[in-house]
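Next up: the structures, one after another.
What follows is a pair of complexes built around chain A, which joins chain B in one and chain C in the other.
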Partner chain A sequence: MNNLKLFKRQSVNELATFYSFLIGFLIAIFIGSIILLIQDKNPFDTFSLMLRLSVGSVNSLSSSLNKAIPLILAGLGISIINSVKLWNIGAEGQIFLGAIAVNFVYINSQINNPTIHIFVLLIAGFIGGAICILIPAITKVAFGVNEIITTLLTNYIVIGITIYLINGPWKDPNSLNFPAAAYVGEEVFLPTIFGKLSFGFLICIFFTILAHYLKNKSVFGFEMRIAGGSAMTAVYAGINAKQKAFLAMLIGGGFAGLAGAIELLSQTHRVSTGISQGFGYTAIIVAAITGMRPLGIFLVGSLFGALSIGGSVIQTIGVSTYIADIIQASTLFGALIIQFFFNYQIRRVEND
Partner chain B sequence: MNNYILEAKNISKSFGTIKALEDVNFYLEKGKIYGLLGENGAGKSSLMNILSGIYQPERGTIYINEQKQKSLNPESASKLGIGMVHQEFRLIESFSIKDNLTLSKSNIYKKNFYEAYNKYSEIFSLSVSPNKLINQLSVGEKQKIEIVKLIFKNSNIMLLDEPTAVLTPQETSQLKVSLERLSEEDEKTIVLISHKLKEIRDFTQKVFVMKNGRMVAEDLLTEDISDDELIELMMGNIQKSVIDKSNKIGKTKLSVKSINYIDRSNNLKILDDISLDISAGEILGVAGVSGNGQVELANIISGIETDFSGQILINERDVSRKGVRSRKKLNLSYIPENRLGVGLAPGVSVLDNSIVRDYFKTRLGPHLSKTKTETYLDGLINKFSIKAPDSKAEITTLSGGNMQKLLMGRELTSNPEVIIASQPTRGLDVNAVEAIHNLLIEQRDKGSAILLISEDLDELFKLSNRLHVMFEGKIIKSFHPGSADVNDIGLAMAGVIE
Partner chain C sequence: MIDIQLVGLLNATLQAATLLFIAALGELITEKSGILNLGVEGMISIGAVTGFMTAINTQNILLSVLVGILSSSVFASIHALVTVVLKQDQTVSGLILTILGLAVSALLGKNYVGKKLETKLENISSINEPSNILEVLISQNIIFYIAVVLMIITSYVLKNTMFGRRLEAVGEDSRSSDSMGLKIAKTQFIATCVGGAFAGLSGVYLTLSYVPYWTDNMTSGRGWIALALVIFGGWKPYRTALGALLFGFLEALVPRLQTYGFELSPYIVKITPYIITILVLIILTVYKGGITGAPKNIGVPFFRENR
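== the complex of A and B ==
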């Protein structure tokens, strides 16, 4: 009789995460193709159109990268928090609170130098995101409350606050009753660097390197890894595990808040419910696919940005934008399954 | 053909590239007590796990009651009467004894539970009510309940993995009587897995010996074979090193004064007025069954536990209110009992784990230099002959012995003033134990003051200059290993002092 059994592999290829992402992506394209075929659309035509409209010109490429900025920044935040083995499901809320903080500081401050003004507003966004995760961070460290639940719940609270603000105190009288805050002045718009590509992309590159350094090359990153590996080892080593977890959460929240600030200053220019289109959730997929590696998050985030742009333009030929979401989600599924095969092997066991 | 109740033929099993078992034969007659002897990693546990259906062998055949078994799984093995007591207890702590005993589907004492319970609690000298919760029992009582659980499950072949590891010498000799009665009165077949010669000799009628995944001796009559022969079978030749204890003793390096510690969660007094002094070049042994305050004492001296009263002096400097790091800066090293989970962080790389002690010494501001840390790890690997091929691999890819060597190396490489070593050799094979003993001796000769906490009396006798026995948070007696009687120490460990 033959039996199939799982064996954990002794050593795992260093590029396993990358390969599993690639294979996962192919699986996702395959699944997407089946769905397109069911709808009587030619997958090849659809995908080549998506490709052309997302990366085929300077304009489309820069739109794609703009879309990638919040995904990458929020994903980096998630990966930093995951260094201490905690999950941040609250990036969506942090993006919103980052944008709210930007608008709050914009309304309540008077800075004449636009460069300094933008700089202050970006910092405000970072702090807003950190404030958003403050309560989950405190309850986690002080009482051990599960951060997955609390960060998820703060999303609803913050989105509720956003809706209140844009329908109440911050409502723009000139918006023809559309619930949104007033636009910020053009002097604080983030400049573009080429095509439509926002200066935010450079910030994004800088923060990717920063996150990579923080996680992999710094003492803080080492202390986070030990604290995440075993709280007792951290105590034994004289590392304050709770402090590291707290800091990691605030920094991670700040990254997502910064995403909200950039989105406001470069895309929407005002607070509305359109600040984030689920970036905070997609960022979880991005971070998970890459095994929480900052450089990987940068690449996969860029690809997913292009996918969203591609997805939104193929509406013109009568294909639902959700095809992009399906591909993103199936990539994660595919990648996770393939990662499993990199970590384990299935062998036939003969027990006769 | 012999009437074997269980017969395993030519069993082979490998994990990855490691051959855990190679062509192993194992056979048991009904109603006898067997010993399965071997070093750690010899394959004893793998074989037992195959017999109890947890692992599937790659090759080989198993007969139970002369029936060929096609594929065993834990459920079918249990139905066929094979039961195992693992080293870690598998009792439900918040359930009563009765619930734990009757939990199994194959419980045979549904109607006459109390009758059966009384019978077996008499055999095991258990004097607790079956309604008591498991978490109120002592370790020794839990061990007995584990064995009684097998009886209630109608296991006729009882595999006991190191059942005496947690018992006092008195409890051990009592267990011997209980097991003998089980084999005589109930015709239970019992396999005692151990690497302690004395127990194999005391407990068993026949013995199997394993080495490196092979059965090197089958079905020997225990009384016919000498200790020396068994040792040689088990590990080839090793030289019994005699430790010279005439080394020079210097001034006091660690001084602990009237430590009291109360566990706030249940107001239990864990440490009661503990005082001790250790001088340079001295190993002070602390004997005691685990759970008598040793872990807490080590944690307090190393600075992990801060909520205590009393005084700790390192080289005459009061560090009672200092944290872990400032004690490390005074060059105190702590080798914790829990290697993985305290000393080493699971899920983290070998490299990261290797620098846990000294990273803050070599740091450059916020930067952790990769070249420096890798040089540091290479240094440890060479100096302490650690087998760690991939520095980026997760720590648990190392074997237990290599993990402990990495931990010891990390803690010892800076020639510490004071070393606290808690159960440094537990669960390691003979070669690793020898290596670690040598490290401690070498460190002693370099002038470290060493506190050695252990349950292994052989180890304590071999290494210590002086010996304290801890019982229920007190040092109840002190001995000099040169002149002490093992039985007195065993009694003291059980709390008996005349």
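== the complex of A and C ==
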């Protein structure tokens, strides 16, 4: 009798992740086209408009890249935490707490030099993100509490605190219809480099290189991989696995907190629920779909930034903005499905 | 005679709890088999919109409920296909399912925003002014009683039937289950679809009775609360129900706080269930030596090494 059996491939193509993503994207464009056709919209026109309005001019390209900054930074943080084989579902909360920390330091400090002031606020954001993951990190390392669950729960707590602050102690009396904190002063706005592109993008490039170095080239990265691998190997190698896991979590949380700080200082200029529109969740997917590679996160994060700008502008021609979400989700499901075929092989075997 | 405000609070608690509990119970079944599905929010949304659309077009309530359940179940099978058959990461797949579910339901329901229902899910008996707790309990929506029945059945099935034992074995130790000849993929596939069906029922209840209308993102985080509830309940149906009552009570309490004359901020009240859940999780982990009730293989794709 013949049977189909699954085999894990011995060697997987280096670019497998890239190819699966590409094929996934093509599948998604195909699905998007069908949905557009059903709605009596010309897919070609729609997609070319999306392309033009997301990357076609200096202004649109810079908006797209601005949108990519939080995705990339939070994604990098997630990939660092994944080096010790832990998940961080709490990037959304870390982004918010980063922004809260920025506002807290802004309100309670007096710094006259704007450059130093901005620098201090960015660090405050990083620390805010790290504080946000502190309880999941401690409970993971000390008691072994599942970090997927605790980081997920902290999102709600932090977003709850945000809503409390902008409706209570930090409420801006001038903002009547939309609860938000008062704007920060113009002296701490992040400068733009070209078009509308925020200085945050340079920070983003720097942190991408840093994360790449940290994960793949540094001693700490090597120790993280060992710590995340087998417990016994870590003991033999004299590596304190718990300490590495703890540090990795704090650094990863800090990356997401920094994303919140940049979002506040360059986009919203105040604490509100608009600090993140689900960036923390999208970042998890961006990180995972690239196999947790910093350079891949940078590229896919940029693409998703463009996609979300493109998705929001096609509303003007009466196409639902949710098309962009569907393209995003189908790309990812497509990529996951294709990745299976890169990693496994189906062979026909004879039963004995 | 009991206080009219108290009756209102009790009613609101039971309704909010029912909505959360059904979705949580479905996720519990899925997770028991070792599959984590973070797509609950998306699945509820799909059930909510398809049920609502059917109700508008056919005015047939039973059909609407069935369509909602079925479409969420089919939607959940995407997660099953990607994680069980193709062995991809469950966390990622579940998150994508949420994004896809919210987007697809918004697209489907575009022309249904603001439409009014002709018929909706009815209460069993209509007692206009319930004067004691018993009368409140017997005048609930039919879905409330279905939820109670589902709770009893699920608990029984998990503990006392072959299917339940198989489910638990697969979730706890897939390798041994495999060598015992249990069909892992089939069990997990079914459990995921059942989880989707429950989420669909919860969604139908949302649009056909609880609210009842359709707008984008109307699930407003309930799917995520359902996920927290499973943890709170230690993967046990009755304790999950208790958690649902607590979360439901707090949801019902928030808009009423001011009438009771409390100065406490409603936003702080809203986050207490999450803090309690984290504390419960820590206490369980510390005092029970890591036994939180979580299935051991949760999140781990099963692959039989071939030689």
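Assume the second predicted complex is superposed on the first by the 344 of 352 C-alpha atoms of A that agree within 3 Å, B and C clash if a C-alpha of one lies under 4 Å from a C-alpha of the other, contacts with A are read in each partner's own complex, and residues count from 1 in each chain.
The definition used in the following text is that a residue touches a chain if its C-beta (ideal position, glycine included) is under 8 Å from a C-beta of that chain, and two chains touch if they have at least 3 such contacts.
Computed from a predicted structure; not experimentally measured.
Undergrad: Could you classify chain B and chain C on chain A, in the superposed arrangement, as clash or fit?
TA: By the criteria stated at the top, chain C and chain B fit after superposition, with no clash.
Undergrad: Touch test for A:K5: chain B only (first), chain C only (second), both, or neither?
TA: Both partners.
Undergrad: Would you sort A:G238 into first (chain B), second (chain C), both or neither based on which partner it touches?
TA: first
Undergrad: In the superposed arrangement, which partner chain does A:G228 touch: chain B (first), chain C (second), both, or neither?
TA: So A:G228 only meets chain B here.
Undergrad: Is the number of chain A residues in contact higher for chain B or for chain C?
TA: C
Undergrad: Please indicate which partner A:S83 is in contact with in the superposed arrangement: first for chain B, second for chain C, both, or neither.
TA: Touch partners of A:S83: none, neither chain B nor chain C.
Undergrad: In the overlaid three-chain picture, which partner chain does A:S62 touch, first (chain B) or second (chain C), both, or neither?
TA: After superposing on A, A:S62 lies clear of both chain B and chain C.
Undergrad: Please provide the least distance in Å between a C-alpha atom of chain B and a C-alpha atom of chain C in the combined superposition.
TA: It is 6 Å, taken between the nearest C-alpha atoms.
Undergrad: Quick check on my understanding: which residues of chain A belong to both its chain B contact set and its chain C contact set?
TA: On chain A, the residues that contact chain B in one structure and chain C in the other are 5, 7.
Undergrad: Residues of chain A touching chain B in their complex?
TA: That would be residues 1, 3, 5, 7, 9-11, 14, 85, 217-222, 225-226, 228-230, 232-238, 349-352 of chain A.
Undergrad: Under the touch definition given earlier, write down the residues of chain C that touch chain A in their complex.
TA: Per the stated touch rule, the residues are 36, 38, 78, 82, 86-89, 91-93, 95-100, 102-104, 106-107, 110, 221, 224, 227-228, 231, 265, 267-268, 270-271, 274-275, 277-278, 281-282, 285-286, 290, 292, 294, 299, 303-306.
Undergrad: For a test of understanding, state which residues of chain A touch chain C in their complex under the given definition.
TA: 5-8, 35, 87, 89, 135, 139, 143-146, 148-150, 152-157, 160-161, 163-164, 167-168, 278, 281-282, 284-285, 288-289, 320, 322-323, 325-326, 328-330, 332-333, 336-337, 339-340, 344
Undergrad: Which part of chain B faces chain A closely enough to touch in the complex?
TA: Chain B reaches chain A through residues 15-17, 56-59, 61, 70-71, 302-304, 323-325, 328, 334, 336, 338, 341-349, 352, 355-357, 359-360, 363, 366-368, 370, 390, 392-393, 397.
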